[in-house]
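In what follows, chain A forms one complex with chain B and a second complex with chain C.
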Partner chain A sequence: MNRLSLLLYLFCFSTLVGCYDRIELEQQSYVIAIGIDKTDEEGLVDVTFQIANPEVGSTPGGGGEGEEPKETVTLTGTDIISATTTANAFVSKELKLDHTKAIVISEELARSGEFLRVIQAATRTNQIRRGVQIIVTKEPAQEFLNNNKPKMETRPHKYYQLMLNRASEIGIIPDADVHRFFQITEGDADLFLAPYATTEIEEQKKGTTEDDYIAGNVPQQGGSSSQFMGSAVLKEGTMIDVLNGAETRIALTLDNTIELTDIYSTYKDPIKPKYRVAGSFGKKRNTEVNIDYKKNGTTKIDILVPFELEIFSVPSLVDYSRNEKNKEILRKSIEDELEENAKVLIKKSQEEYGSEPFYWSLYVRDNFKTVKEYEQADWNKKIFPTAEINIEYHLIKLEFGKAIDDTKLNEVRD
Partner chain B sequence: MKKTRLKSRELFAIVVVVVGFKLADTTPAQYAQEGQNAFWLMPIISFLVIFPSFLLLMYLLKKYKDKNLIQLMMIILGRPLGTITGLVVFFIAYGLLIFDARNYADQTKLLYFPESPTPVILVIFLIVTFFGAKRGFQAIGTSTFVTLPYLKLSVFMLAVLIIQKVVWLRIFPIFGEGLGTILWEGAKRGATFSDLFIITIAYTAFKNGKTFSKGIYFGALFALFEIVFFFLLYTTLYDYNSIDKTAFPFHDITQYVNFGEFFTNVETFFMVFWLGAAFLRFIILVYLASWILGEVLYMDEFEPFILPLTFFIFPFSLLVENTILNELVWRNSLFIIATPIFILLPLILWVTAKAKGDLKKQ
Partner chain C sequence: MFPFLKSKNQTKDNNKDNSQKVLIYKEVEKNNEYIRQLFFAEKNKDFSFRTLTAKYIQKKVHIFFYSSIVNSEKIYNGIIRPLLEADGQSIKDVITIESLTEIKDFDQVVNQINSGKAVIFIDGDTTAYSIDVAEFQARGVEKPENERVVKGPKEGFTEALGVNVSLLRKRFHNHSLIAETALIGTRSKLEVSLMYVNDLVDQDILKNVRERLENISADNVSSIELLEQYIEERPYSIFPTILYTERPDYAAQFIEDGYIVLLMNNSSAALVLPATFWSFFHSSEDRYARFLFGNFTRIIRMLAFAITLLSSATYIAVTNFHSEMIPPDLLLAITSARERVPIPLFLEVIIMEVAFELIREAGIRIPNPLGPTIGIVGALILGQAAVEAGVISPIIVIVAALSGLTSFAIQNTSLNPSVRLSRFLFIFCASFFGMLSLVAALVIWVLYMSSIKSFGVPFFAPLSPHFKSRGDIYFRNVIKHEFWRPGQIKPKDKRKSN
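This part shows the complex of A and B:
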């Protein structure tokens, strides 16, 4: 008996080596970004893998000097997962998608509506995580990944992580992971916003404000050639439009499911309209969305956006901080300006899109007891497009930074 | 079975591991097939449906001091009938065990060891279970109690991480598929809490009835709370259209969360605790199943049953073709069959006991 249990124990040890799933680090290569493009043939897509080279940038002067930080390969296949094995025809190691940070799709593919079919694979295997970000590019994704050569963050995983985090924090692109994509697309009521990016810098538009651009026309000199700005609007998995940075930012402030940090932006100077006032916009409280649902009739939607603003630059040198009257004028003007912009976007979504990118369908749901009733009421076809929407921005706190007053320019020049 | 030195707290730990673990297997997926975004309400219904019967059983056990589940049945129903009902209880307990074994082996394979064959994972799993169960009830109880805080801490951590990503408004429309569906489908799955009945086989191992009832009631309530809370998190994270498409919501969320920017891909951390809990749960259930069989067959020693019972899980659980079939068809059917049995059993016992006049004596 003792001998038998000894044998059993020994057998247990033999299982500990884990022969089946044992794989050395050396034998795998990590895909950081996946690009998907349309091909001429239906059912086939071009898949581009951007593979990180872990030897670069990890240890100072370590092995692999002179090697590229990443390798980008493209092949044709039916889906992402099976393409990883086909890729082994010319990539020496097993491709692992566990560390993928971004899925890049071309505008062409997004507009064709094929994207949903391709991304389905992400839910069935556990290789692609729900936290992977979706990016829509103006040019083919293959081109984007090949041209994207960051100057400072040469290690690709850090690049995508930092680039996407920062840009979505300040609201010029949305935070758009696979999880959110499925929740919104399967929910079939709202619009999904995905970051819009490009490496094709075309003619540079002279915008009026700092974020009135979409990727590709942000005036830029020097630096990396890829721009992330604005968002692609996806309705039921198909791309229908592009929002610029400013519109994206409005959409994000109206959406309570997204977290924003303080946003630096400029506003009209009400007293000297030639100049603009710069400040940081903070959304500290949730936007209040009140929906008065009427089954037969016009639904009323009241929106109240409480926000804080910290002014840090008044180039016109008008005294807004101490003069109460001026302060009121400024307050009113900023609120009006924001409301104006939001109204334009809301109108556009009601008339053009027939649905909204603010995830407001959440607020109508408590009017229904069952999913069936809710689906029959049809938020994006019947309720929202005909609703009467009032929006109000409310500035709850206006601050002026740490300086009490600006330098008196005329006195200095005297 | 002689008394052990186990107290209420060990029983509490056993109940929480055995019942509460259902938040992390495929039980939520089963519920979500019917209830959509209101599926978090369904375990409450299941609990309410089965709990009165359980209270009745506890009452009977108290009346007939020092008898466990099977001994109680033997005394009240007489030997032939008692043996038959005892076997029914055993087969249900063992059947659930078989489906669960396959379920856990498949989850481990799909999520962490994609290249390993299911039988190999299952064999390793069962070997560990066998050695664990052989240590006896005292050791099982103590080790469950000792590990419980760590298991719960990991689950709590996951809840904290995921709570930032949930959208609470997704619980509306509040009744999902409709109130009728929630009530009916919830009631059908009362067997989710059938393990409570199975644990009463250990009634005699504790110092007295009070110790036992204290442990099992608190454990049951805690497990219920835990299950409902996690189901609520799943609902608000996935929304009604996606929740029924996810087979392993617990593992899906462990893959989704990160500890900040630097520590990404942390699911293996949670997997360790999950696996630990799965082993414990299995060890307990195999031990209790052997105990039931031992009592039914009037054996003085039931521990020799542990080896064959653990061994036969292997061929039986491999009979089913794939996880989806295992889960949504077979396990589900067994749940639906087992529910009325567990609801009726204490009633039959009580009515018979009343008719025989046994209850008046004390």
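This part shows the complex of A and C:
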């Protein structure tokens, strides 16, 4: 066989490869959100796919007038992946989960403990990214996805991207991707927090602080029909409670694995308690967690939270900026208030949950030489619930915005 | 069809045997007759001869030349007038023109006359004399067309060997800069000038070049572009191994470093060898521009190189195989644009790439007055109208235009086609297994490149294998900090003085 024919043979073989898993873009449908609901039958779940319609809103002058920006379909199946093929009975294109932004589970499913079985597929398939966010909804996920009709970001991927990003940046919901879920759940020591959302707007609470809500009772008029606020607490893959926005924020500030931007929040005005002082809370340094582990005694945990605060509104018009005495009072009051709130949450997690949502088990691990030893010591059953926890907030920088003086009320109204 | 696949068994060597030298006769009439037969003097209108009686010996003298390739004034003032008027002992005293060569046989006579010299026969003398009065018509020194610079000299080589040599000598005043001559071709013997600095050039490379020039058995090698193809090692290779440049300043830069430059009469360019990838990739302006800007241009060029090679191929790989890599906004935009396009994405890309090559080819060939048509046809019909008609999606126009446009940043006329061809190779590879096959192809491509040698010098030297050099690889150094000549060509004097 001479070299020429060898070359020809090679060329022939190259035509046999058949392009493997090549598929054109327009032959695929992109699922943006997956909803999972419990059914009456064990082992079966209702899977809802929210599919983006590429023709709406993506190109100026593009076609598809009168079409919806998304299509939401629900079917019953055993798991997410096989449901995508069943869905082709009524969806015309291949469903791709690569671009999924969120997995929405109903509170019912989360509380039943079945969620772990269904989400397990996410670790095996390469279709679901590890960065997909898990959202727990008060109502069934199917209802949430169908009712969720944003007014501005009508394209679903944009909505979830922006909504989840912003809300978790300011700490009213946690950043909860699939990867973190498995990390914490399989670590079997800490609690996993997932964003809590709903489209069922219920009784509206009034008169509390800016973040003392859970989804569904944030006073809202107009706008989108869905609310993201607070977090669902998942212990070992099962939901056990809901934290409100304020508690979620505290949990997130105590957790060093989560980045927060500056949070606008209000604090009691120590001199005129009728008013509240508003400021931007910044945590630039890590929370210091010192665990003094005692094998046969009470473990001591010392927490130090360094933070910065830039006051931008003092409605009581008390001079905190120039009066050093007042400033000291304010500083003390804010630190105390934060410590108080944190203590309540810590106590709750020690007594009610038997574990903590702050990912503190990380700091006890260096007391052990082997994984086995650590597992035997049992952080969430033996160490944490009985530990003696001291928490201290330390205000390292107090600023007063760009103007030092407030308006002098008595001069204005003379 | 594929001669490179056949084993080399015989080398052709039939043309060289039939040369037995005819010596010059003593009788001038016999010579006269022989020459006139040799040159078909009856038919050849521009073959001229003159008979006169030289005053200094009172003998008959015949002068032969081609009137079309000599300077007639020089013949009159330098040859005819002295012969008629001057006194002297020998012809050397009479004819005072700068070059006077003695020749003994008719082979030489033929060569000399063909290369624009006048040959004088004297009655009773077995030696003929050739006098250089050549004046081949050529255009003047003009701007190089294809290698433009903003900052730097604007002279280009021209189609006259003497001018080209002069342009190089002008840039490097040194007694050891040699312009060695070799004759190539069997039927038409043309001069090739090898220019090098004697105390820098590596003798092995020089010997190699001389041998390759001697081994050319073609009838006629009329220009440097053809010569390049006769002396290169791998004619089927996708990469050039000899640098072709229109710029005397760029060629002079290489001479200074110990490279060899080949020049010929009929080409407005020079060949520089041995060449490496970097000599194709760099431009002379990189050195003329100041340090920062010169290197900034390099970055831009590297970027352009990567874009033109890989943008279309990556687009195919990503959209056809790895849609998860595209950000959702872009993904939905591409998808919605593709919904109404009837052909597969791969074909779309091929159509646009071929269309771009068509525009380029047409743009080069189109007669000047019709030039603007290309813009209208290209931009309007292929771009806008095709998108509106739904034949291709708008994003393909962007991809093709980007990869086409960036290809112009590779200025070198030899490397540019290599890159453009490789692009198609990568497009095909990407359509088989996506990124997997694209990266495999890229690796093989780079491996192949690094296996090439140009006159014994590895293609990627001095980067790989490493040689001491002035560090002008990806980026160039500050001129004052360049201490070494390129080590890969083994210059005799490695250290540069700064």
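The definition used in the following text is that the second predicted complex is superposed on the first by the 396 of 414 C-alpha atoms of A that agree within 3 Å, B and C clash if a C-alpha of one lies under 4 Å from a C-alpha of the other, contacts with A are read in each partner's own complex, and residues count from 1 in each chain.
Basically, a contact is a pair of C-beta atoms (placed from the backbone, for glycine too) under 8 Å apart; a residue touches a chain by one contact, two chains touch by 3 or more.
Treat the numbers as computed from the prediction; the structure is a model and nothing was measured.
Of the two partner chains, chain B and chain C are each touched by A:98.
Looking at the shared chain after the overlay, A:21 reaches both chain B and chain C. In the overlay built on the shared chain, the residue A:369 is in contact with chain B alone; chain C does not reach it. After overlaying the two complexes on the shared chain, residue contacts for A:343 are found with neither chain B nor chain C.
Contacts of A:30 after superposition: chain C is touched, whereas chain B is not reached. Of the two partner chains placed by superposition, A:268 touches none, neither chain B nor chain C. Shared-chain residue A:331: touches no atom of chain B or chain C. Shared-chain residue A:7: touches chain C; no touch with chain B. On chain A, the surface touched by chain B in one complex and the surface touched by chain C in the other have residues 20-21, 98-99, 129, 161 in common.
In the complex of the two chains, the chain C residues touching chain A come out as 1-2, 5, 319-321, 323-324, 328-329, 331-341, 344-345, 431-434. On the chain A side of its complex with chain B, the touching residues are 8, 11-12, 15, 18, 20-21, 98-99, 123, 126, 129-131, 161, 165, 179, 182-183, 186-188, 257, 362-363, 365-366, 368-374. Touching chain C in their complex are the following residues of chain A: 2-4, 7, 14, 17, 19-26, 28, 30, 32, 52, 54-55, 58-59, 62-64, 96, 98-99, 101, 129, 155, 157-158, 161.
Partner chain A is touched in their complex by these residues of chain B: 36-37, 110-117, 120, 123-124, 127-128, 165, 167, 169-170, 172-179, 238-242, 245-246, 251-252, 255-256, 258, 261, 264-265.
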